[in-house]
Amino acid sequence: NGKVLLTIDDYFEAAKDKLQKQTYEYYASGAEDEITLRENREAFTRWLFRPRVLVGVQHQNVSTSILGDYVSFPVMIAPTAMHKLAHPDGELATAQAAAAMHTIYCLSCLSTTSMELIASAFPGRPRWFQLYVLKDRTFTQQLVRHAEELGFRALVVTVDAPRLGRRWCDVRNGFGLPPHIDLEILGGILRGGHTGESGLAAYFAAQVDDSLSWKDIAWLVSITKLPVIVKGISAGEDAALAVQHGCRGVVVSNHGGRQLDSALSSLECLEDVVNHVHGRCEVFLDGGVRRGSDVFKALALGARAVLIGRPALWGLATRGADGVHHVLHILHEELRQVMALNGCTTIADINRSYLRRAGAYPPQ
Amino acid sequence: NGKVLLTIDDYFEAAKDKLQKQTYEYYASGAEDEITLRENREAFTRWLFRPRVLVGVQHQNVSTSILGDYVSFPVMIAPTAMHKLAHPDGELATAQAAAAMHTIYCLSCLSTTSMELIASAFPGRPRWFQLYVLKDRTFTQQLVRHAEELGFRALVVTVDAPRLGRRWCDVRNGFGLPPHIDLEILGGILRGGHTGESGLAAYFAAQVDDSLSWKDIAWLVSITKLPVIVKGISAGEDAALAVQHGCRGVVVSNHGGRQLDSALSSLECLEDVVNHVHGRCEVFLDGGVRRGSDVFKALALGARAVLIGRPALWGLATRGADGVHHVLHILHEELRQVMALNGCTTIADINRSYLRRAGAYPPQ
Amino acid sequence: NGKVLLTIDDYFEAAKDKLQKQTYEYYASGAEDEITLRENREAFTRWLFRPRVLVGVQHQNVSTSILGDYVSFPVMIAPTAMHKLAHPDGELATAQAAAAMHTIYCLSCLSTTSMELIASAFPGRPRWFQLYVLKDRTFTQQLVRHAEELGFRALVVTVDAPRLGRRWCDVRNGFGLPPHIDLEILGGILRGGHTGESGLAAYFAAQVDDSLSWKDIAWLVSITKLPVIVKGISAGEDAALAVQHGCRGVVVSNHGGRQLDSALSSLECLEDVVNHVHGRCEVFLDGGVRRGSDVFKALALGARAVLIGRPALWGLATRGADGVHHVLHILHEELRQVMALNGCTTIADINRSYLRRAGAYPPQ
Amino acid sequence: NGKVLLTIDDYFEAAKDKLQKQTYEYYASGAEDEITLRENREAFTRWLFRPRVLVGVQHQNVSTSILGDYVSFPVMIAPTAMHKLAHPDGELATAQAAAAMHTIYCLSCLSTTSMELIASAFPGRPRWFQLYVLKDRTFTQQLVRHAEELGFRALVVTVDAPRLGRRWCDVRNGFGLPPHIDLEILGGILRGGHTGESGLAAYFAAQVDDSLSWKDIAWLVSITKLPVIVKGISAGEDAALAVQHGCRGVVVSNHGGRQLDSALSSLECLEDVVNHVHGRCEVFLDGGVRRGSDVFKALALGARAVLIGRPALWGLATRGADGVHHVLHILHEELRQVMALNGCTTIADINRSYLRRAGAYPPQ
């Protein structure tokens, strides 16, 4: 509608206008009462900056490395399902934007675009593959092989979804994919249409293994040379277990508030995880990142990088690859700004001393 | 109205539409400013989950035992008065749903259905009888005998109501029973109609003994072989006294916010009670349970099981026995879900380590 | 309008309807941003009850003594100015209600009824006289003599108003008395009418001494046999000074939020004062008392009794002496109720163990 | 519109009505989500008074000295840009009001009135000059010389703006100066008009040096005899560095929430700064001061004086010099009032013992 798009929230509003109700609600909603969905955002507002001045911020470098790969800034794209619902270009557009911004795109295994297409389109760029461990282990293993062959640089195993969270919108809407869109990686049919039943929930229950346990992680580590990252950690003890089972990274995440409602925000779990990991693997975070200041806060509390889920979808829905690119660009510029005004010139400068708890007395 | 009923709140809305104003307000309201009514709900939101992952949740068992009796899940039906106001099938419908779900129904002594009818309808199912100690002790003793003979498995003595709480709605509405509904256990006439006076308050003042003290509990324990449970405990010291007086259980409860307004929520009293009881009797909780996550939180803080009051009434009003059954079913499914996503497969797995205080720093 | 009047809030609504805007705003408003006005109420909501049960509450005694005088319950009427604005019967009606309820009425020295009339109307009842120390000390001394002769039982010296607080409503309304109403004790003319200037503020500045200090208190104590009570204490240190200067009581008060805005609520000052006084004089509280539960909370934190300001005015405006009487009666019944449901049968039973801080963890 | 103007908020409303939208938004807005803008205000509400009584407040003296210069009360005017947007008389009017109230006006180097005009208009009055260190150091040095020659009494170097904060209003409005208004000190052209680009941001990026560091402060101190004050300090460590680099004062400030969004409020940074400075230089504060009570709170937490930004602009926009004068007068009267009612007669009486944290238990 011609409005200038300056912030992630602007993209959210624009996407809301543009998307079909069913799709919008699928993307935007959280599980049950959406307590965790809200907490993910609120948690960021509970920290405020205590900036330093007069350090000379003319030269800034916001690039970093993630599992050894260069990224232009510590923001990646989280795996989210079914991008063709947002835009006909689907996951290809998202991957293109990530490549252009020199950061990592994590492809969901619920993709509506094939792994081959993604891999061939932007060669040489680091990208990750998100895996649900399926009931069918042979097929699971084929997916791992496939990801290796196609040059994906890491396997992200999502562990917070032995069952799909209850998202009432999807149940009420009878959420499903339209006939012309398919799950190009997992295959099978994900149709909706029955009020009172989420097509995704049914599909998920049929495919994904709810017996998943640490021995499956050990198995995955044993069958691949790719670094394995577990996504969906809240407790420090689980992060320590991940390290012990050979994982190279953990994503502190509650699946964007879509799985266990009333769970702690991911930000509030971060310090505990960082303390348990003790530098033995890389710690990432997703959930509620909407501002450069959010990125700074997560890094100050110990994350190596963050991932964004919905913001990329809002960009994609609004303007395809350009929208995703702009969303990333906005966060990039905001991070530069927030670092400059906090008196940090490199990512390594960011630490806990820049944060204080909002409203706390004495200061914390 | 054809809306899909997915949550307890959906049943609440449906019941609100269906019930007469006077009845709805009698059921829904709390005492005075309804501070405690709200606190009962708020208290649950002050705890969030810190879930564990990768434990393998394919096999779940949410059954437990209560005073030695098997229940399919740790949720019972609290004693609430006058079910025929909600539905012509009254307490019989409620009892039927509890039996079908294999859990305990606690019959209120302000029932509009007789004890015999309840007892004969669903033989072999554990059920409890809630008792107000009446001014007329001979009659009180007869009720106890009667409960024993009819196979009720425990006596629940309500101790938070030496006087009825002030519920302004009932006073304004001149709350009372219509001519065709009677109190089938206590007898007598409970008519309303005078704006400015609650018929129930008058009835209650006439029947119930406000001199009730620990020696009456001792007396009750002495005249029956049934386990005695005191309902309406807030202070740990009182729970310890209950144990000393031979009680086998305590219900941490403030009568659903209908008695002492501005009292602490029951959830916030729970830990103190559990600490004082120290395993010497079973500890239950009611007040504000609306979600499977609420059940989990109460258990994590030490309750053996919880009871629901109003949710059963919303089910009953909306769809009779089927409605109550569905309400129980919803909680059953939600509890399974919240356990699975927290990484618990049995009730015994649930403990304090899964909870953290919302917004607290450092974490508590 | 025929609505049943059940609570103080009902009287507030009724009075609001009935009073002229100027009068209503004069009564209801607080100084500046009304932060303290709101805090006075909020402070009560920050405490919740932890009730005890099974103590036998059939015999209740809510009477107590104040400076040796019997009162039927620990609630007095605070000195408030100009009752004839609320009702033609003015202070006489208020005094009558207090007498009928067997409690103490504290007459404001800004009364629109003479001391003689009040004294002669209800002989033998304990009543207090509130004094502003005036620039004219001779006149001040005459007032003291007069109060003694007329049988007032204590002098309440208000010390939180060396200057009148800024109440923007009064300034905007050009608040003043209509021609047919006079200040019958202090005399002089209090006319308004100029938008941008409060008539009361001008009157006050002319009469009341802003040099008031502890030596004036010593002087007052020296010239009268009546017990001297200082009203308007917030700091424990000042309460200790009051004791040292021979005062027999202190009223923890911020003048109902009408003087120093952004001051702590009186309830939040209470414990500090009680600790400093250490039983050496009686401690009273006013500000925001609207419920029996508020009375209980103040007593649990160490007050001997409380005073109500505006609630009496709402009663007076709505129904004259009957209204004030009903307001007192409501609080009397609510106090009985809240004591019974907390398990207290006498005023002496009330103590800190019945309170916990709302939302605090661990419990406080 | 004839409404009586009694408070700073009244002036805010009046100015909002009077100003062009673009100008109003430029003045009122903060950076990004305006979290810090709101925190600046909220922080004051987190402190409440614990007043003392009976100290005799007939003689009050609210004057103090700032860097040795007498001021009639501890409130100065903060440097704010482009006063001619608010009123044709521009900075001259503001300076006139400050002079009339015997307090310090700090001229912004983004003034739309020349330094000469200001200096010549009100000789003998203490006034300060705010400096941005420019890319052009020669010009910067000329400005310093100029300020010295014209009798400015201190240099205020703003250090929280190596880059301009992102103020979305200005970006959306394409904020700029109209053709008939110029930056009379810095020169150059600050035109707007392009939606999506703030003219000020462009101008700022071109002129102001983002390499500013402590060695530049050392340089400034070395080239002038004027006391140097750094404005925009949040961390105690930076205040200590300021002392070490020869600064005579620090302004705890976040630029009125216009630079780093999500920064701590200035009030919440104050105690840390005061503790680090340890009396070695004077500590000032700005941000959110709107009430006499705010001034008192800042002083109680250790500030020597405060500065007001927007309030002066609201006065200027509404009634020119008279408006600014009245704004200062309001704060002067409110400070006198709040001191009297707290029991303070001089600025030196104000200390931490008069404050308590709102809602904290135990009291802090």
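Labels A, B, C and D are assigned to the chains in the order they are written; within every chain, residues are numbered from 1.
Heads up, the rule we're going with is that a contact is a pair of C-beta atoms (placed from the backbone, for glycine too) under 8 Å apart; a residue touches a chain by one contact, two chains touch by 3 or more.
Note that this is a predicted model, so its numbers are computed, not measured.
Each step here moves to a touching chain, and the least such steps from chain B to chain D number 2. For the self-contact between chain C and chain D, the two sides draw on mostly distinct residue numbers; the shared fraction is below half.
Chain copies chain A and chain D are related through a rotation whose angle, from the C-alpha fit, is 90° to the nearest 5.
Put simply, the chain farthest from chain D by mean CA position is B.
One finds 42 Å separating the Cα centroids of chain A and chain B.
Each chain gets one centre point, the mean of its Cα atoms, and the points for chain A and chain C are 59 Å apart. Chain pairs that touch one another, listed by label: A-B, A-D, B-C, C-D. Listed in rising order, the residues of chain D touching chain A in the complex are 32-33, 35-36, 39, 42, 46, 159-160, 162-163, 165-166, 168, 171-172, 195-196, 209-214, 216-217, 230, 232-235, 237-238, 241, 254, 259-264, 268-269, 272, 357, 360, 364.
Across the interface of their complex, chain D is touched by residues 4, 6-7, 45, 47-58, 291, 293, 334, 337-338, 340-342, 356, 358-359, 361-363 of chain A.
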